[in-house]
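What follows is chain A paired twice: with chain B in the first complex and chain C in the second.
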Partner chain A sequence: MNAIVLSGIWGVVMMFAGLFLKSSKQIQWTAILGIIALLVVSILDYQAHSVQAQTYFGMMTIDVYTSWFSILITACCAMYLFIFHKDIAAVGKNEAEYFALIFFVMCGVYLLASYSNLLILFLGIEILSIPQYILAGSDKENIKSNEASLKYFLMGAFSTGLLLMGMTLIYGATGSFDITSEKFVGQFAQLSSMSSLSFVGILLLLISFGFKVSAAPLHLWTPDVYDGSPTAFTPFMATIVKVSVFVAFIRLFHFSFGNVSGAWQIAIASMIVLTLIIGNVTAVYQQSLKRMMAYSSIAQAGFMLFSIFAVNSTLAYKGILLYSVVYSLASIGVFAVIIKMKDYTYDGFNGLAKKQPILAFTATVCLLSLVGIPLTGGFFAKYFVLSAVVEQGKYIWIVVFAVLMAAISAYYYFRVIRSMYFKTGDAEMHTEPTTWDKTFLIINAMIILLLGVLPSLVFG
Partner chain B sequence: MEICNPIVYHFLHSLKNNSQTITIFELQALFLRHFKKMPSQYYLFLSLALFCIGVMGVLMRRNAIIILMCIELMLNAVNLLLVTFSKMYNDPNAQLFVFFIMVVAAAEVSIGLAIIVMMYRKVHSIDVHILNRLKN
Partner chain C sequence: MLILLLILVPFIGGLASFLFGEKMAYAWSVFTSLLTLAIAGTAYYFYSQATHTTDLSFDCPWIESIGATFSLSMSDSLSVLMIGLTGLLFPCVFISMQNKQPERKHVFYGLMLLAQAGLMGVFLAKDALLFYLFWEVALIPVYFLSSMYGGPNRIPVTFKFFVYTFVGSLVMLVALLIIYNHTPVHSFSWDAFVSAGKSLPEADQSWLFWMLFIAFAIKMPVFPFHTWQPDAYEQSATPVTVVLSAIMVKMGLFAVVRWLLPIIPLGSIHWMNVVLLLCIIGVVYASCMAMVQTNIKRLIAYSSIAHIGLMCAAIFSYSNNLLGVQGAYIQMFNHGINIMGLWILVSIVENRLGTQDLREMGGIAKIAPRFTIALVLISLANIALPLTNGFVGEFMMLNGLFNSISTYRMVFTIVAGLGVILSAVYTLGMIQKVAYGELNEKTASMKDLTMNEWIILLVIMGIILFLGFYPNALMLLVDTP
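Then we have the complex of A and B:
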């Protein structure tokens, strides 16, 4: 996995770039060069690992699925950097460090995509989380950013403790950290042979996972953190990081705990119901668009949880891949418009369509995709994760419930579109979008529309 | 109490037999001999108790640094448990895991303290309840 090495090295390169490169433009280009190099390397990795291979002393398993996911997530991160690089540099004085931290997070993402040992899972989650605490607090003068950082840190460290306890108890029951080893597989072969330590271990892992992906009832930190963090970093935390935690845990829960799904499926089901209700209903009452997007990311996590809920279904894997890409691109697209505005409330968007038709159009496509309207990628993403559950025949009620909740979500997403198109007002801009921004926003919207017609493009 | 009693008994016994000549090494060997016999459930309960103390501390205390200490307590409870299981299974992997946890915990604490200092400079308090006041 050369991508892991390169992302780590490029993080260090970015730190030195901050030392030697004087102009902010050069630093931004170094970062963009890095993410393109990362994309190329992950594509080369994909071609090299057409068969399943083990590396790093058998602690990582690389197969087609993981390396394909690496490509997709790198592409999403590339899109994020293309659109947001100027805004990231504008957050504070130490712009090179922010890019460095983003590359370190990517290193964690690759580890999470391909671990086969609980140690790597732990390290991946930590490499993913620790830079984020800094990113959340990078706007040092702003008290909301400080608050977001402290809250995120305390919650994140706490959930790490729970994760470690879960891993340790599972180790106590199995005697191995390797999720492919016979001891491990044997312990989770059937429900009756499972020891009580493993039950508690799985539960603790689930709680920690809920914290990381902000599933209710463990979502309480999310709105404050996403709202308080600099707007340039919120889409990164809400999309790329969140979906890679999903992919990490889908691996654990399907491959390792798939046979004992009776032990945890009910817990996931209640998490889904709570997440969908709390995320969607609370988002309706928000006045700030940034905070609404934070709640919407909770609600979308509820849909992504379906892919974990539908055990050992190939549709679920396809669903999570498509959902990751579409949700990431759509959120990035919406945040790209939010960050250009002066006022983050709905009223601040009044009359945007007249003033900036391209921004309004791309935001509309992204919002429609988040609702799940046909002809956008979001429709097929929701369709795949939900049909994975329907395919299993049980728990149809939860699918019906999710569709109803998607209908509620239409209300608050359409409210933004109404503000932009049907209300008159002077949408004040914080920064004027350049041609570069508009180009990539249009490309972003086009990809979402393309995935709405040809969703099979992301299945590799 | 079953574990403690033989230790105390031997300790007193050895003191009586050759008084004043007991060295720290003998004492250590004495303790080790008895702790090796201690079944691993005891360690499991001990570290679970420590872990629960840590969790309760995180949930109930208001001082950010004490919360940080409670998180460390949770991590160290995990470390103790890992070493126990390592001994139980005769498998060095778990002890390696402990080193990784220590390193990560150190990194995490350095970040955390920096964040707390940043917060303190702003609001001159490390009370986490102040965060609720700042909401919205």
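Then we have the complex of A and C:
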């Protein structure tokens, strides 16, 4: 709870910091201070809630899982700010506002992790989305950034409309927004007694969530938005924001709609298949690494959808935590290298290993993790979500399909490794990495490797 | 604890090699690999004397919530043989490389040692998840090695190899997960897998069999899955090829023995004839291909497919007298030794003459007698001539195949026997083209073996002759169940 308040307040603080602090360095440090404070507060929150769940105003329920997720996601965001703070400030003139918006997004993230009322879900999604529309368009002079912002806004507004419509229908069927209330629970107790209003409502919610996590066929905005946005903000949108929506997604669909999974499981299954095919196959044909990472984030969303698909499985429920952390850290690690390069195409990375061995090494660890090679966290992330589906016993074919898609993903991730290590070139840098950058990139890579050996650190 | 060192020493040694830099790398990695050999030797001694058995297994909790343990054990003759081979091979390769060092030595030796750690893990793991982990981890350093060192076409070829094996192992992972879900108290331990797998109905076993077998078949490689192999062997730097062909392909055979036959018994018997057919086709096909090769590395690559095919057939022969399986165990070790010798000779030829083309060689016997002695002896062992180590295993395997429970055992044995004859044809042809005939301008300046190469080859020839004259050394080992 305190984290929600603090993130909101710190957002305002950051806005004023833009007024009172003149040097960019000071603003950056204020932001870093803020995220560290946020991390401390969420750890305190965790200690407060680790014994029993607490409900606030019938709107939010904070339990161990929620607060543990808050810590993890705040830590990922901290890692993002540690690595990217200079790049964020370099995007444009209003640097303080960028940081403020990031803190507002974090506020939305905490709401999404803890809602027990559909209204808070809506509020969370909106608080999460609106700052992103601005961040996407923050490179004002760049037409691609403008396009990204507009596209994101229009599509986002559209999906919010569907979300509201779904909620309205469900409200019509149950008479309540509170997902813990008796009326609500009773409505979704079994498939046969569920009204058709709820059925349509669930599907509309599914579509809306699918849009937010960029699941095919609702993914079309993703490549343009991720590619057009300033590179400093893309990793934030692709990781922290996306995985938070997943946690909101799983919360609603496992706990409220878990008993009526017959109504939506087939829809999720087709989404998974489409997402994996489109994400992976299209990524193969990209020439720009930034765009490849956009498709890769679609493909990874396909794997995360498995955790929604495996209803009522604790493995899936916990697995998504590990997946969130590992995927976020790995993507941040790759983007941290991309942003340092002058040329975003594969050829631009030729020979990076000779020039910047540390950058190449950390990027390799992150890429291996995205493929899902053992000894990196990515393996266990994929392992847990897939294992949750195998556990259900029935849907082996979709798991086999998914691992074949993972093999395709090896193609485009390894292509980067090939460029960096096996090809010769001079890999022109846009900015030289400082010791600070390298230190945090190495810490990032080490965390990924550590999670590859001891996933229970997050999982337990 | 002792066997944990088998993994830790090369692993830490490999990491250290990266940090030590170019100057120290060679001496350090030779030292590390010799240390690993010494540990492997000690472990073998403990095993053969049946003392210190607690040192030969290691257990500690790993991911308790899903029942995965970090459990290693050196409990049967096959893992002893494979550990011995892995321990022996790396120092031999390192020492033989003294004259011609690769660029960026610390990277090369560091990756080699990491690969050794992964391979050791594969042969020791008693936990399915751990086994899978090492199976993949062993591949990554080899991928980098093959892509960084070797022929001009190495990058796409190595990538093909990587994708092939990666697809196979992912499918294997799904199969392991399915079996895991049938274990009563969810556990990845080998014992739990055996009891869970056995209890599955034959219909399930018959498709699970292929999910596992394809992964192993790609690694070996068995006939229709072999297309990555000649290219990869040809393009990789020869020291890396040694690792690939002497040990990595044995991972596939090892996995069949350890993780397929006991776990999916009904499925294995169900598909026995199909597998045997593929293996036997592989033997003949690869032998024929080997006969027409002009590139010496491709020739040995095909010869390796033929040998592996026979070993796989022997493992699947289900002979009543166990001779087939025991022969395959012995041959897995011996083939590792022989093929390592051959590859070391090839790398010597390659470095001195600058060519892999058999047509440009000839007459070396006149000026390099030591080299020729080694070439002839090791090649004869590769043909499995009596009194060399290759003979014992091959004889037992053919015997096992002949006593197989398969309906078509006669046909299989006769056709496989043809493979033995063909192997003589291409191997003798190779000796003739390399060592005899007229000297040409390229071969005229060929230098004979240097001291380090001679020592390594003497060791290898010693093993070949010793095990050829006294096969009991291995027989006693594999006889104990």
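Heads up, the rule we're going with is that the second predicted complex is superposed on the first by the 453 of 460 C-alpha atoms of A that agree within 3 Å, B and C clash if a C-alpha of one lies under 4 Å from a C-alpha of the other, contacts with A are read in each partner's own complex, and residues count from 1 in each chain.
One rule holds in what follows: a residue touches a chain if its C-beta (ideal position, glycine included) is under 8 Å from a C-beta of that chain, and two chains touch if they have at least 3 such contacts.
Just so we're clear, the structure is a prediction, and the values are computed from it rather than from any experiment.
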**Request:** Using the superposition on chain A described above, determine whether A:E391 touches chain B (first), chain C (second), both, or neither.
**Result:** second
**Asked** Once the shared chain is lined up, is A:L368 touching chain B (first), chain C (second), both, or neither of them?
**Response** second
**Request:** Give one of first, second, both or neither to describe whether A:V326 is in contact with chain B, with chain C, with both, or with none.
**Result:** neither
**Request:** Report for A:R418: first if it touches chain B alone, second if chain C alone, otherwise both or neither.
**Result:** second
**Request:** In the overlay, answer first, second, both or neither for which of chain B and chain C A:A89 touches.
**Result:** neither
**Message:** Looking at A:M304, would you say it contacts chain B, chain C, both, or neither? Reply first, second, both or neither.
**Reply:** neither
**Request:** Look at A:L150 in the shared chain and tell me whether it touches chain B only, chain C only, both, or neither; answer first, second, both or neither.
**Result:** first
**Message:** Taking the superposition on A as described, I'd like to know which of chain B and chain C A:V400 touches: first, second, both or neither.
**Reply:** second
**Request:** Please identify the positions on chain A that touch both chain B and chain C, taking each partner from its own complex.
**Result:** none
**Item:** chain A residues touching chain C - in the complex, by the definition given at the top
**Value:** 315, 368, 373-375, 379, 383, 386-387, 390-391, 393, 396, 399-400, 403-404, 406-407, 410-411, 414, 418, 421-423, 454-456, 459-460
**Prompt:** Which of the residues in chain A come into contact with chain B in the complex?
**Reply:** 119, 122-123, 126, 130, 133-134, 137, 140, 143-144, 146-147, 149-151, 153-154, 157-158, 160-162, 164-165, 168-169, 171-172, 175-177, 224
**Request:** State the interface residues of chain B toward chain A in the complex, per the touch definition above.
**Result:** 44, 51, 54-55, 58, 64, 67-68, 71, 74-75, 77-78, 81-82, 85, 88-89, 91, 93-94, 96-97, 100-101, 104, 107-108, 111-112, 115-116, 118-119, 122-123, 128, 131, 134-135
**Complete:** chain C contacts chain A in the complex at 63-66, 132-133, 136-137, 140, 144, 147-148, 155, 159, 162-163, 166-167, 170-171, 173-174, 177-178, 180-181
